[in-house]
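Each in structure tokens, the structures are laid out below.
Each of the next two complexes has chain A plus one other chain: chain B in the first, chain C in the second.
This part shows the complex of A and B:
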């Protein structure tokens, strides 16, 4: 199960991380740093959904759980007088607890039924935020969400979170940490068991695997990180609104699914690459923003037909084409 | 020379080997296997209704330590339903399942595996897109003993366990005769080898009781022979008790210590293979149909 990682892969990842650390040095535009931070949040979302997908269940409640993480973390700080540093993990934890409670009945439904259940539950979470005016501000939105408190490292530095650059680094650190945890988890014994459940759940059960609990665990882990992403989003935007066309609408969940499919769900890096490329693409073609659903739809159809393994498979494809043309 | 026979149900008697075929067969079986007198599995009043249809009705059956119990009957007689209830996939409408003195009625499949009941599914059910050895490695799930944190951080203990589990899986593959194909994808194996691999995965659970649902379907004569000798070896070398549902009558007669016949969800006969083949009720309900065709 634990295949030896190729040193080239590790090198590519290291170079990429160094590149990400250096981005703010030559990219001064706060607009692009904002976009990159949103990319980071989408990366956490897609990696979480991919973790749930390891068991063969597709959760479409991403936006709803994100809303729960965002609102709970914001309210913990604004009403509960908690520190942002405590509220963010607490928001994630709340999502995980709700995921366990919901997973117990939901995970008995398989495949498309589970997806529909999560999709609708996500909508219920959003609508709750929309209608619970006294707590969430309802259609007016929840504004004035505070930034994280400054970190004091005595004698060395004082890190404040008042610029896009500091947010960029904060989100980068959280993204890398989340990815590291999810990657290790997917490659561990637990991840191995998840994949056996995805392939044949009846055989998995017959050799003693508690299919239901392994699925609920995956759902809880995924929702924890979705909650973290939502909480980060809240303290990053300072303003939350739960309208259907916003970040917490159903479309976010669908887009996350598209990122995963386009990137390639077979490998851990696939969804991450998909999220990065597909979040940046509409920004590059800003004038065509309104055509985004059409472009995405066409892209997904193209990818499914011609590259069922996703973008992540592209280098290997080029290699094999190259071999065909040049010879081995 | 006389033989002293202790029957499964506890009765004893002495026999002359010249007494007849029945005695000869019995002696052969009794000499080869030491069948205990304590039932491993007691099935009492087992009933399963699908809607208004009684798939299995009031089934009483004891399966003894170290025997191969055949479960035969025409299609739709409820044999697979019985296996599914023992495996925990279906929960009985009524009745009790006692395994090694413990009530296991209504336990879910993974708990049944933990108790020591493994199964081979009717169709080839494998993790098709992973290697042969990985399939067996999954079967060892209950014996993995890699903690969550150890697995997460990749401790040296985990690596040691991995190596040990690999060795264990290889040992099972050598027993089954698939050790040369260990790195092939399961989906690329021929049908007979896939079936054997199914058996290997079930073996990895280290069961006391093995449920085999038509292990010989779709096999050629050579594959059937290999499979039969494997199931026999499981009994003789590892003391694994089996319940086998099978349509291949020649194989069932040669393989089983005892046979129970189901028809329309009820047991119509039970006994040693030779007794069964001479039972008029059985001939009428089951074997008779075959003779008509012949």
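This part shows the complex of A and C:
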């Protein structure tokens, strides 16, 4: 992993961002804007899980922390009379605080023990939302969650968030900000320490790195952004339900894990690309109806076998094939 | 809390034990596969579900004897285990994350495939041993007693196989030192295949027994997978005794809490219990570091 940034990469990212900004101009369908907003939320989730994975721990509590962020932000607005702009970060912050509190005991467990712990904790969060009827509506769901308040820029414009287009832009901005923060964090000294811990935690501890706190920090950062994603999801859907097969069920956590590895967990862009492609693919296969999961599963296996480094490695592979054919 | 009589309480304990022993069959295979091939077999729940459906197909659709159907199911699932090991997991041997994702892909594919084949509606296998036996005022179906009996016998056989037979010892040796095993003439690949075959066969038995006594639908695999994962980490990786103890704890909690505290507690309590146990003992009850 080279620390020097290649100018081509920056160019590709800029072109992609401009493309994303222009999407609503030629894509009028509100259905597709809805799908793209969900893609954005999945991208935040997968980048957060990838940040936790930097320390070598797989968190499977994504759905649970997302539920916590979603419900807390919605309730801050509906019961606590807070502004949405304050409630969303507060939802994320609550997740981070819970992550620190839970991280201390949980991080003693490693590997699959930690994964199962987070999976079960996530399920407990979801079941709490499911059974705490007076607060969350229980099986009926929590409905009537307000959209963000309009932003008034004096003399220029009034930005309202009542349409899919404006919400698309809001999610886009949050996604880009989150990705920027997580990217800088992963490339910083902290991120370097995280990866040191993943490679050899004993060695890291022996040179004076506080392994436990670095792991908890990664967990808290990941859960913060997962909470933000959940809160955005709440104000985007206006309706939350915590049933097992819904967005907060444990399958979401598993799918996020699949996105991460299929995209390619070695690079920062990999999980993001994986989330984008694998969330959009089932929409492309929509006419195939009940065959979709089979196609999805088979595709995942296919990619793991034939692109062990993930989808993100594909361009490099094409380049090296090209060089082989054309010659150096 | 409800007022409950001691008979109801005893009944719930018995139901919990039955549940526990069926979970154990499922979890033994997962634990075996995890400790010997280092694969978190997420599609194990689907092997279990497929085992139940094969038994259903042969016993109900084709009208065979139920135990013959179980035998066929066991053999087919053992072959499936071999196929999965040879064509999917062997090439990802050293890659924990990739093999896990392949297992997840298999899980999604098998589950939706079986749903397409058999339909989404639950099926039923007629009880293979009608009637019930009374124990201290409680009634328990004789098919459940036979299921527990089969489960206990299979667990003991597996224990004997692993501790006493040459192949069993080779199996436990394989994950400990790969090179040394090759030098001694033990092929780690063959041992992985053996573990997958045994594990899948046990899952088939568990699925078929579960399918005939309690539920049979295409989503039973996901539930069983979660139970299996909980048992494996609760007992500690690589410990047979841990699996048995973990399975019984989980079964008892599932059975007793439902009756004593109602359905809300029944769905949260097992999760909470495992979280607490793992926080206190991070390697599980009987786990140890390799």
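Here is the rule we use: the second predicted complex is superposed on the first by the 321 of 328 C-alpha atoms of A that agree within 3 Å, B and C clash if a C-alpha of one lies under 4 Å from a C-alpha of the other, contacts with A are read in each partner's own complex, and residues count from 1 in each chain.
One rule holds for everything that comes next: a residue touches a chain if its C-beta (ideal position, glycine included) is under 8 Å from a C-beta of that chain, and two chains touch if they have at least 3 such contacts.
Since we're looking at a predicted model, the values are computed, not measured.
Considered on the superposed chain A, chain B and chain C are sterically compatible, since they fit side by side. Judged by the touch definition given at the top, the superposed model places A:315 against neither chain B nor chain C. In the superposition on chain A, contact of A:258 is made with chain C only, not with chain B. In the superposed model, A:127 makes contact with chain C only, not with chain B. In the overlay built on the shared chain, the residue A:205 is in contact with chain B alone; chain C does not reach it. Here chain B and chain C are compared by how many residues of chain A each touches, and C touches more.
Looking at the shared chain after the overlay, A:294 reaches chain C, while chain B stays out of its contact range.
In the superposed model, A:189 lies in contact with chain B only, and not with chain C. Figure legend note: chain B and chain C, brought together by superposition on chain A, show a least Cα distance of 13 Å.
Per the touch definition, chain C reaches chain A in the complex via residues 34, 40, 42, 88, 91-92, 95, 97-98, 100-102, 104-113, 115-116, 226, 229-230, 233, 237, 264, 267-268, 271-272, 274-275, 278-279, 282-284. Considering their complex, residues 87-89, 108-110, 113-114, 118-119, 121, 125-130, 134, 137-142, 144, 146, 148, 151-154, 158, 162, 201-202, 204-205 of chain B touch chain A.
On chain A, the positions that touch chain C within their shared complex are 58, 105-106, 108-110, 112-113, 116-117, 119-121, 123-124, 127-128, 131, 250, 254, 257-258, 261-262, 265, 290-294, 296-301, 304-305, 308.
Within the complex formed with chain B, the chain A residues making contact are 1-2, 184-185, 188-190, 192-193, 196, 199-200, 202-211.
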